[in-house]
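All chains are identified by letter, namely A, B, C, D and E, in their written order; residue positions are counted from 1 within each chain.
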């Protein structure tokens, strides 16, 4: 079995008295989609923030491609291939859709300190960016200023930016939220395509999508990992059904 | 025989009252002279050195002024005067008299018609000796003019200075300083705090319950701001080369004419502006400005009736004049000054020998 | 930048070049001084525009770099004239009146100071940043006011204009041309940087700094770099200003100066290439022409500025372009 | 009886770009209507126009017969329109409780009943909204709208990011409200399945126009594919 | 150096702090709570002082003057909000900077136009003149004591208003998202006018009180404005408690710095250079203090991260 790309061990984070992440251990293997589900406020987004370095853990370790990264800054981790999308769209409102995505290319390639000239004229880089714009079905809006996008379009842009980072591991925080039924279907297909390039840690409340995509599912409740298993295991887990899914029948 | 005067002075912002008085005094004299050949162009320097420098360029280059005047503040004068006189123009200072311009930077085309900056402080020091003030506490802002002031005071003072206290320039709360003064055994206070600083100091002094005689240069007790200080100023002694009750013909005429023209009592600055203009007018009567040497000699002769009485120029073109001690009194509803003593007679200045003119 | 904006810029640049030269030719040399002043203050504002317009770093302390550039020029020239060394130990450094050397020193001093101030103040954002930059500038101001060696509050007269090989800098035309050329160079730098990768990241950092970090770009380093460049450009302006006035004073370091530089930028159009030029030109033009109207001209200046803010969104440049677009 | 809400041929613009191209819509008192359409179809824009966050350019919007055109948004809200906006927009620096009371008006909904609906918020009453999880903020946004005790509730993607169980609770609460006949709801949501269970009617938007309207039973799979891509 | 002197200086620092708080209170309300950069706040302070001086000298009553100062500044604030500021809430902060900068010019020179270039006369009312002797033999100005009391009262009132009332909640909600609070049915426009007027009125009150022991002159507001900004930034923007603590810190640092630095340098320097170095450093002290606070706590003492 292949070595995990990302491995977190015993990660703990507290906000004052609240233990948002409580000794979570988890890994992400090449080619897999690992879904992370759990009630609102369980600590899923917090976990993502810890992995990418936006928050500092109180204890525990994060290993990415065989190297400890928990001491590094967020930008450095991003350049090493840890890419995330945000639950609440976080974009550059005054830049165009293309520029938003292009920045992801520029940033992860470490090309920011080019003072004279830019890489937009560089065929390779701009192709990379426009490919992701197309993939997220934003091609028609490529030249639009991001502030003019509708909510769903922003959600798509969010995913496009994460993809443009050419990730070695992709952490997606509710990518299906807001994109509508059609968007969910498109995105489901897209993620299937991408898993070969990069494994995905997928946080989603849309269970149809999760069940359709995930190789493994982990359930987080109150900051603790309560179970990990295959789709059918989780689906039939009584506790999960009651506490999270909320259907007694199916 | 015509003359174009460029006046750069402060007409807007916090320090405008001084500039307005200098201008008004100056224009009054020009008007009284009935000389149609004198043209005055007035510009507002906003109390900014860079603006003043550029206005000087403008007056010289575009307006073709022959003589410049009007600057109130020493730092502006230092910025403007050297370049003006180096371009062969005359500069007559109606107020600022920084030591550099009296000493190593003195110039044959630069005349100061007011005083050298130290003069009034020197007079205060001299007066302290005769008034029996043996242990004064000195207060001035921490900037060059403040240091000059305290040095000037000490130049002729023979007693023991309790403390030379420097405050922040523009400071307006003096509780800490007053507490310190209360805690010493000083027998008097000499302070140089121009503008709003002086008003604040005096008001707070009155509220502090400290009972010591105050002494200072005329600037904080001048007609313009005395009303703002109020009763707190009554009885304070201040030194000045001019007072509205100086008993000479020129002054009596000036005070009356100024009041008639502007509806207020003239200030020290107005008298200086007035004298500056009269000096210029007297020179113009004797020489043409195009003949620089003759004009300079005519200025140097100072053949005009100064509102201060006797007036002549020392070798470095700064006044030789009497300096008085005035006391703040209430005349009817109005606070004003009355001369109570002569502090120094025919005072020249300390920098004559530094000037190699 | 749209073709319209480019046209407008070229128009503005030629106006700034031709009008004063023509005026001087027709015997109004003062306009040269005025135009020189506009050009130099524009450079200072171009510097600020880089930090503020592109990076969103609202520095209320750019007078610090302006003043330091000025004092660098003033002190060097002063020592060259009086023959004393600035530093006697560990090696002897004397003054100079050689303009390029002075510019270099001014730029370096300003850049170094911007680096130090930036290191500390870029930890903060928003209004805190505004105020901490102000705080550092005020410290320098009070230092200059009470430090007697170079004149304190009185300032430091230079008395001569520094020299530039092959030119007579005393000639107002030539000095104007030097300043104008410096302005064009700083605008060129601004423009090139804005369109570079660096410029894109900088603009993005203004809009959403957190997101930039997640794309692999360290925001602090990015901002610090921009801040240093910005300070350096403003420092150059300071050196030129010292030469224009043949005088430097703490006034150059005061918060009013910072405020004025900022007003130029906002008035002209934040982030616009020629915004600072348009802003400085209008402001100085108003200052000059309103003074003739009344002693209380600042009231009218204030009212006019108010009208610009209320009715001309995006500053002068932004408004002109919007109008044309219909 | 006048309809509760009627929109006739409404057009609206963002700056120069048009987002609504003549939208018409009617809602009766007590009705639950779902607004569906692809991303960018104009759902949010329609909702913004109703609560006057965006002025429409032409057409007419009436609430209980009253023309909303000239009203500022706080006036429209006081007529009884409550909004849980897209993207939550909680007051970030206020606590949960302050968020709830900021615009509260008396009526059935008060702090207690809202906290009963979202028990999770109870523990977080004095936490500032900025530190809530995405789902918690979503609950807060709905609760805040309920606290104004509106007669027309606008829920724009109000269940986005909520766990399935919570979503169920909300839908249950909505059906309860609906059965009272007091509250009318205009809904935007992504799950057609869930909408079908509670909405009386569905209005399909495409490029800023209403292209179809009817009950969910009438919404054939072919139409769903054509208009919604599913 | 006696204990009494030190105690008196501490009291002076406290009083200067409270005086600053009077000014900072209005600013923190407008700036922190409404999110508006108001450079013209100093002008409102000046208007308060001028109105007070004008009315006090016309009627002979300081108290009427005080009332006039407060109301004139509040009225000016309301007018400014309605005519100018209202149009700028949705704009960039920078537009607010330019607009309020323009307002400074209008107010300062307008005041000079109306009242002339000379400072005005304003003195504390007779009941507050002179000194009292506090326990321990500290002689202290009555008026300064009155300022301390007024400042504490304002601090308390504001704290309750912003922290504990619905009005405060709504204002703060408006600061987060103006559009949203309006969409929920709150007339945020009128609330903001009120708050702005209140903040302006407080500045006017400060101007009237402080003007009585300082100089009532054009431009008097600008230095105080900068100090008030320093205060609220140290305290953390939008926090009344922060503004209070910031004020006291700045007041103490400034007073004690002016007092102790020369003494300190005097221990190893000759008196005159100790005095001048000491006072030079003292004038930089509050800025050093602010820089230090921000370097260690970028959001100010009482501020929130990200706020």
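We adopt the following convention: contacts are C-beta pairs under 8 Å (C-beta built on N, C-alpha and C of every residue); 3 or more make two chains touch, one makes a residue touch a chain.
Because the structure is a prediction, the values reported are computed rather than measured.
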{"item": "Common touching chains of subunit D and subunit A", "value": "none"}
{"item": "Graph distance between subunit C and subunit D, where chains that touch are linked", "value": "2"}
{"item": "Greatest separation from subunit E - chain, by CA centre", "value": "A"}
{"item": "Distance from subunit D to subunit B - Cα centre to Cα centre, in angstrom", "value": "75"}
{"item": "Interchain centroid distance [CA atoms averaged], subunit A/subunit E, Å", "value": "48"}
{"item": "Inter-centroid spacing, subunit E versus subunit D (mean Cα positions, whole Å)", "value": "44"}
{"item": "Distance between chain centroids, defined by C-alpha means - subunit C, subunit E (Å)", "value": "31"}
{"item": "Residues within subunit D bordering two or more other chains", "value": "none"}
{"item": "Multi-partner residues of subunit C (at least 2 other chains)", "value": "142, 145-146, 148, 296-298"}
{"item": "Where subunit E touches two or more other chains, by residue", "value": "108-109, 112, 276, 279-280, 283"}
{"item": "Chain pairs in mutual contact under the definition given at the outset", "value": "A-C, A-D, B-C, B-E, C-E, D-E"}
{"item": "Residues of subunit A touching subunit D in the complex", "value": "15, 38-46, 87-89, 148-153, 155-156, 174, 177-186, 205, 207, 243-247"}
{"item": "Partner subunit A, residues of subunit C touching it in the complex", "value": "192-193, 195-201, 203-204, 207-208, 210-219, 222, 225"}
{"item": "Complex interface listing, subunit C residues touching subunit B", "value": "28-31, 33-34, 37, 142, 145-146, 148, 151-155, 157, 159, 172, 241, 244-247, 249, 251-252, 291, 295-298"}
{"item": "Subunit E residues within the subunit C interface of the complex", "value": "31, 37, 84, 87-88, 91-95, 97-99, 101-110, 112-113, 226, 229-230, 233, 237, 276, 279-280, 283-284, 287-288, 290-291, 294-295, 298-300, 303"}
{"item": "Subunit C-touching residues of subunit A, taken from the complex the two chains share", "value": "52, 54, 73-76, 78-79, 84, 86, 90-95, 99, 102-104, 106-108, 110-119, 161, 165"}
